[in-house]
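One chain, chain A, links the two complexes that follow: it is found with chain B in the first and with chain C in the second.
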Partner chain A sequence: MKALLYRELIWFKRFLADYIVSWVLPSAISFMIIYLPVTISDVNVVIDKFSSIVGVRLDITSVIIVTLIMSSLIPVVSVVINDIIQTLFSEFKFLEVSSTILETTTIRRYLLANALVRPILMTFFVTMYLIPALTAVLGLHGLVVYIYIELALQLTSMVLGLYAALFAMLITFYTNISRPWSIANSIPPAILAGSGIYLQAYSIPPILRLFAQTTPVPQAVELIQVIALGMSAPNITHFLAVTAVLLSTYLTLTGFMGVKTDIKVRK
Partner chain B sequence: MSLKPLLRILKILYFGTYLIKIHLTSYIASIINGALWFILILVPAMTFSEDVSKAFTIFLPGVLVLMSCGVAVAAAIEFLRWYVNQGLTDMFRECGLNVFSYLLSGVHIDTFIFGLLSYMLIGAASSYYVGLKPSAIIPLRPLYFMASLLTIIPAYLLIGSMTAYIYTVTRISSAWMLLAQMILTIGTLVPPSTSVNPLIYLINPATLASELARAAYGSNVVDESILIVLALPLSVIYIIIAYLLGVRSDRYISRYGLEYRY
Partner chain C sequence: MLRDMDAIVVENLKKYYIVREGFKGRKVVEALKGISFSVRRGSIHALLGPNGAGKTTTIKVLATLLLPDDGKVLVEGFDVVKEADKVRKRVGVALDVSKGFYSSISGYENLVFYGLLKGMDFNYAKRRAKELLELVGLTDAANRPYYTYSLGMRAKLAIAKALLSDPDVLLLDEPTLGLDVESARSVRNLIKELSTSGKTILITGHNMHEIELLADSVTIINNGTVIASGTPAELKSKLGLLHKVNLRINKDGEEFVRIVKDLMPIEGISVSDLGDSIKIAMYIRLSRDELIQKLFEFLKNSNYRVLDFSMEEPTLEDAYLAVVGGTISG
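What follows is the complex of A and B.
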């Protein structure tokens, strides 16, 4: 655990450029979603259409804040899934540190630590841009909004960590895929496109919606939207129920598969 | 006139065609995940617009150019970063192939196959989301569309060579190149209509091809006559600058070397 924490902090320092990009990209996406239609339409029409999707009448500042907050899901989903899958694969297939890992711990414990601890840190690192952005626009209230958003994102990322660990295990130990990044890179946009960020659920193709439902991201989108809209008492029961079910399912599966994989790898 | 340069170009293209076998999985994955990422941005942008079908014909053509030119950035980084680690960059260079040659070797695949397939997939998916017929992606004026595809080639070479030159002579991380890909959206995805003088957007080498693609749907901002007049001279200038930047990068590597860096 200590080693994982230490490595994550070192990686943050070493890959700071990547983290900066992960702050700029979602901000740019949230900006583009409003700016692009404004280039060819009346700004009031764009605000009206956005308001009709979220179900609350907003002004331009609120639209920008809501899209910015919603965009925080983008780096969380992509970084957690990509990193969990690619780290396991590269440590066992490229970097050849598997013997060191197997000497010190079991694959089950290693996977669970990776899947539960690292997403917490990574989520905090990739959403740091929200702190100055929200405080600048909303003042101290922005900090409160950030804490709520962060809690929702942290819970989501833990489930995503376990979800990615399952994929990582299958790719690394049960298949002969030479380019795992092709899978790791395709899962996040599929989840995000199926979760309906900035869109109404009915317009999403059923297959993408079904795929996204294997994660708590669609429920996180709903919850974060409600928090971003400033509704005083968001209903968190649905989000918590789905997260709890998925967390326990993936925890059991990762634990079970971890034991099996440990025996297989040691043999 | 000697046929040697032409034969050399053909050899490089032949070599690039065979390289596709190595990259096939990556190409397929990139087409799928590129489409999914664009759906995430394009579909809401179209949905929030006043006229969805107009938005479709304005934003979508930019995707064609952006997808191809985005690969140019990735290909340049591949040559100067990933291949360095495996010693392949040196091997290519010993055979007289610098980064310009490497970009040239894949330009036909990245434009006519990867770019076009990505475009069709993104177009079909976006039309489904916004309730348009899939036939909406068929260009009304195919000649402009062909002209756009042809002008992507010099833009691809120049953007790739510029990326390579910046990466070679500075110490910046390759992660910053993702931001360079974002700058490419100005003039491609973002139409030049946002400026008083749309011609200023031509600073982005990818704008010319995007405007020609938009002209294929009748949604161009820069006048067609200007686009036609500029297409040939700008293409030649882009290729010459790209070639010179490739040579300069190679000279720099010969003198100072190129270490593997993230």
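What follows is the complex of A and C.
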């Protein structure tokens, strides 16, 4: 855990430019989502559309907050999934730091630590831009909203970390795939699209919805919308229940597969 | 049989690999066919053999990176399978010195990360990383990203990593591979110093001159089996390799050759008349002790005056080539 924490902080320092991109992009996306339709139609039409998506009558400030917060899910899902899959693959296939890992610990321990520690840190790093953004729009209340959003995102990212660890294990140790990014890059859009981010649920193909349901992202989208809209007592039971079930399932699966993989790798 | 003085004991170690052949075919490759050897605590033991002999596989089993298929392997008395965690705490490994680190972070950061993975306290890991970078002469490059390191610097960093947790046993797989003369010498000196300080070192390599300089004992493996073992001197002596003797005497070379041929098993001889003296070069298949005793006894009882004398011993390389080439079995 300490080692991964240390490495992640160093990588954050080393790859700060990448993180800046991950702050700028979602901010730009949320701005474009409002600005582009406004330029070709009317601001009221855009507000109406957003109101119909979330099912509540919104004003322009609420639309900005909702898009800003919803956009933070994009880097969270893509960074966690991509990084967990591609880092493990690189460690064992390109960088060949596998001996460093195998001579100090077991695959199971390493994967579990990776799947839990890294998403927490990466989620915090990629959503840092929300602190100034929400404070600018909502004042001090923005900080409270940020804390709620961050907690929901952190829980989601822990499940995503374990979910990605399973894919990472399969790709790295059980297949001959040599371009893992082709898979890693396909999973986040499928999850995000299937989760109803910026879309009404009925318009999403069932197969995508089903795929997204293997993660807590659809529930996170609903919860974040509710928090973003400033509802005082959001119902978090559904989100927590789904997260708990998925977390324990993936924790068990990763642990079990980790033991099997450790034996396989050392064979 | 485990002796207290042995830091490493390998008994009947077997390791198989399954290799894919074509689309569905599979072939079992026997990497190690039941090798046995032991390494005395505080000594440098070399594992020699041609490429594919099973040296790296043996090192990987000792480092717990690979599971053996059969046999018993103990490191500091701990079983590499049943007590892998205890073994990991006691060994330092340098495998393929040209890689094995995160390229985007510095040598210092790589070492601290490794120390933390090994379970060290953060401050201790930082202190040890600094100490070892100084020991291997990388202080100036400590904060440079690993990808900027030369091969020599990478090898030194690999050794620093192996030493980070101050292990009792060091497993070094070809630690000077690809290094320039100066870097190889500094790595060799470091290995010698570490052995003097009481570390047990198992080393592999192809540079026989280097192994001869470093190793207290040697095991030669080929095709997954041990074909010879002992100290370099024992090995050379046991194999009865050729010694080259160069002599310059004052007179009558032909008579000298005739007598010496009756005394010793001479494989080749050349005589050159230098005018005022005779130069003789002989290849004699005899142990060093016997050769010296017989030759000097003869010279003492004869009236030849020896003007010059030199003897070239067979090298470890000669012994290695004789064993691996199959001309002699150890």
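For this structure, a couple of remarks:
Methods note: the second predicted complex is superposed on the first by the 267 of 267 C-alpha atoms of A that agree within 3 Å, B and C clash if a C-alpha of one lies under 4 Å from a C-alpha of the other, contacts with A are read in each partner's own complex, and residues count from 1 in each chain.
Throughout what follows, a contact is a pair of C-beta atoms (placed from the backbone, for glycine too) under 8 Å apart; a residue touches a chain by one contact, two chains touch by 3 or more.
Worth saying up front: this structure is predicted, and the values here are computed from it rather than measured.
Shared-chain residue A:Glu96: touches chain C; no touch with chain B. Using the contact criterion defined above for the overlaid structures, shared-chain residue A:Val21 touches chain B, although it does not reach chain C. When the two structures are aligned on the shared chain, A:Ala3 is found in touch with chain C, with no touch to chain B. By the touch criterion defined above, A:Ser182 reaches chain B but does not reach chain C. When the shared chain is aligned, chain B comes close enough to touch A:Leu199, but chain C does not. In the superposition on chain A, contact of A:Ala165 is made with neither chain B nor chain C. Residue by residue along chain A, chain B and chain C are tallied for touches, and B comes out ahead. Comparing the two complexes, residues 14-15 of chain A contact chain B in one case and chain C in the other. Against chain A, the residues of chain B that register as touching in their complex are 25-26, 28-30, 32-33, 36-37, 39-41, 43-51, 54-55, 58-59, 125, 128-129, 172-173, 175-176, 178-179, 182, 185, 189-191, 193-194, 262. Chain A meets chain C in the complex at residues 2-3, 6-7, 10-11, 14-15, 95-97, 99-105, 263, 266-267.
Residues of chain C that touch chain A in their complex: 63-67, 88, 91, 93, 95-96, 99-105, 109, 112-114, 116-119, 122, 161.
The touching residues of chain A, when paired with chain B in their complex, are 14-15, 17-18, 20-21, 24-25, 28-29, 32-37, 39-42, 45-46, 49-50, 53, 74, 178-179, 181-183, 185-186, 189-190, 192-193, 197-199, 203-205.
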